[in-house]
Amino acid sequence: MATLGLVEYEDASPEVRAVYDEIMAVRKVDWINNFWKALARDPKTLRRTWESIREIMGPGELDPLTKELIYVAVSATNQCGYCIASHTAAARKAGMTDGMFGELMAVVGMANETNRLASGYQVEIDQKFLPQ
Amino acid sequence: MATLGLVEYEDASPEVRAVYDEIMAVRKVDWINNFWKALARDPKTLRRTWESIREIMGPGELDPLTKELIYVAVSATNQCGYCIASHTAAARKAGMTDGMFGELMAVVGMANETNRLASGYQVEIDQKFLPQ
Amino acid sequence: MATLGLVEYEDASPEVRAVYDEIMAVRKVDWINNFWKALARDPKTLRRTWESIREIMGPGELDPLTKELIYVAVSATNQCGYCIASHTAAARKAGMTDGMFGELMAVVGMANETNRLASGYQVEIDQKFLPQ
Amino acid sequence: MATLGLVEYEDASPEVRAVYDEIMAVRKVDWINNFWKALARDPKTLRRTWESIREIMGPGELDPLTKELIYVAVSATNQCGYCIASHTAAARKAGMTDGMFGELMAVVGMANETNRLASGYQVEIDQKFLPQ
Amino acid sequence: MATLGLVEYEDASPEVRAVYDEIMAVRKVDWINNFWKALARDPKTLRRTWESIREIMGPGELDPLTKELIYVAVSATNQCGYCIASHTAAARKAGMTDGMFGELMAVVGMANETNRLASGYQVEIDQKFLPQ
Amino acid sequence: MATLGLVEYEDASPEVRAVYDEIMAVRKVDWINNFWKALARDPKTLRRTWESIREIMGPGELDPLTKELIYVAVSATNQCGYCIASHTAAARKAGMTDGMFGELMAVVGMANETNRLASGYQVEIDQKFLPQ
């Protein structure tokens, strides 16, 4: 296996395969993406990351689409090429329309702009915004 | 006016007051927060920022609450204290429950984690995630 | 000296005093700010950082004011409260007017916005922008 | 049009074409770069972003070259590959020499370094740096 | 409980208390810091975060001090005031000397500097650095 | 030489060659990587950066491997592709095993996650974490 290689299903240990199987079952897909194949080089990180994501991205008070939109927002803010590509695809699968994508980007851009205006102008937090 | 001062309504030029009035009318509030009072030192930036935010945060395919959640997600990622405080307050006003806030933070934290796992493991983008 | 304390001139070693003296002479000031007093806990870092800054911020093809504007731009982008405060003060001393500050912030905000639009829309670099 | 496609002039709506025409006229160029072609998927964002940039990057107290230098400084800090490439090209067109580029990078690097020294050493803001 | 309040031990549910007890036992301390008291507002995030941290920061091929140094390095890079303070304290407890802290900061500063020089100069990755 | 070109040894000035020679001697390698070849366009930055890195990464209270791990941690946090690749290679050369790499990434990911939980939950710094 290459130093920075990907662990393919056929080369994976039973421990890694078990996670791969669970990912495919939960997500109803028949393939494993490169992110998981890379993490599989460290089976403990693979399992822990998958279990956290399954718990966090699963059903809750926020619907799956909203969660994916938030994921894309963070990834674009951090300039993570892989995550932007994979979570934009996931968001589309979860129902994101072209219109929603445009609005998502507009909010992400504006938030990144005003974050710097607020810090650059050294704006103090209003009393009304402090937790009561 | 102090170098990094805030422009209060009573000291504001007609141009700045017009923006303040519009902010209060559109948002149905009777006060102006420090962010706008700081920007008012540069009336052109005040007007342009307000008009962009009004257009972006207004009604669209994404509802106002979702937009505020995205705003908080970006602000927490960027460590902008002012924006976290003000947009968390705005999100609560728009209907964010304690449960939603907990899930929002969980997704933001996880996205920030996996963004670095993806870059640190030097994961290549899967063909299936590339725009067709 | 406190763990995270500041090294005052009267408590400083001759090595640290020599740097303090040089800072005050080059900058034509009669006090040392907290940044240098904190770095003085590690005299090697104090000396190396000062020598780099003296070389970088000194006269060159870019004038001192332009260099301070760039410093503020980076500091606001990174949300570094100390650096925003100290370099905004330095920029004013170097001649930054209120109007220049407003334009600086406007460019910083816009650049932070379009950086995320470019990454979020996954825009490929135009051939014409590649180094020839 | 591809999901993450670029809107070419010949495929563009009259609304998008109007912005493209204006960009080429104001910038005195005969082509549209990929950033605008990507934004054109959301005509509202295209128009708003262009109008903001035209206002911000236009003549003011800071000259066009200084504004482009600031743009590059922010883009390098954020690791935005597209923006580094496009705004480095724009800065060169506006008169940035090799020497200026070297000094710009030196300041950007140093600011990113001292931003972290200031935060890591937990340096408190000097009273003298606070707005009066 | 305040909106952004802290969950004190005496007000905590049995589920939260169990995590608090485990934190104090594993870390051999008799108090709970504000980070955990804040997360306790969302017991699921409290438990998941604690279990991940316990697994990650526990004994392995890297010793506990090295892991705390890495934690401080990331926190200083991200300008997270809380995390810098808490993990600098944890690193000292794990054996970080003043000399080590100085070297840690020097590396963090330099890495943040060269990260931007590499991106700003648009340096291509050498073949020899690509995974084989 | 191309605008964004690399300065090869055979085309380098005596001043640049002197730095190249020193890099190869100190690091016991027989080639120069693209980072230095790019910086060589500005010989002053080349020399200053090399001298800082030689001082910082050299022997001290932290061993070379620990310093490289910290370098990778910062680079992954900042999404700097070049620096991740080059310093991961350097860390392996300094003795980083697959197991250490896995733990390094786990800590980096977790720190990036909890940095945002701490800011998003607006956690105040505990008195006990403040410098005494």
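In order of appearance the chains are A, B, C, D, E and F, and numbering begins at 1 in each one.
We take it that a residue touches a chain if its C-beta (ideal position, glycine included) is under 8 Å from a C-beta of that chain, and two chains touch if they have at least 3 such contacts.
Here the structure is a predicted model, which means the values were calculated and not measured.
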{"item": "Separation of subunit F from subunit B in steps, with touching chains one step apart", "value": "1"}
{"item": "Distance between chain centroids, defined by C-alpha means - subunit E, subunit F (Å)", "value": "20"}
{"item": "Inter-chain centre distance, subunit A versus subunit F - centres from mean C-alpha coordinates, in Å", "value": "27"}
{"item": "Subunit A: positions in contact with at least two other chains", "value": "3-4, 41, 44-45, 48-49, 52, 56, 77-81, 85, 88, 99, 103-106, 108-110, 112-117, 119, 121-122, 131"}
{"item": "Touch-based graph of the chains, sorted into line, ring, star, complete or other", "value": "complete"}
{"item": "Residues of subunit C touching subunit D in the complex", "value": "4, 31, 33-35, 38-39, 41, 45, 49, 52-53, 56-57, 60-62, 66-67, 69-71, 73-75, 77-78, 80-83, 85-89, 97, 99-100, 103-104, 106-108, 110-119, 121-126, 128-130"}
{"item": "Residue ranges of subunit D touching subunit B (in the complex, touch as defined)", "value": "2-5, 44, 48, 52, 55-56, 131-132"}
{"item": "Partner subunit E, residues of subunit B touching it in the complex", "value": "79, 88, 92, 98-99, 101-103, 105-106, 109, 122"}
{"item": "In the complex, subunit A residues that touch subunit F", "value": "3-4, 41-42, 44-45, 48-49, 78-80, 131"}
{"item": "Touch list for subunit C against partner subunit A, complex", "value": "72, 76-77, 79, 81, 84-85, 88, 104-105, 108-110, 112-117, 119-122"}
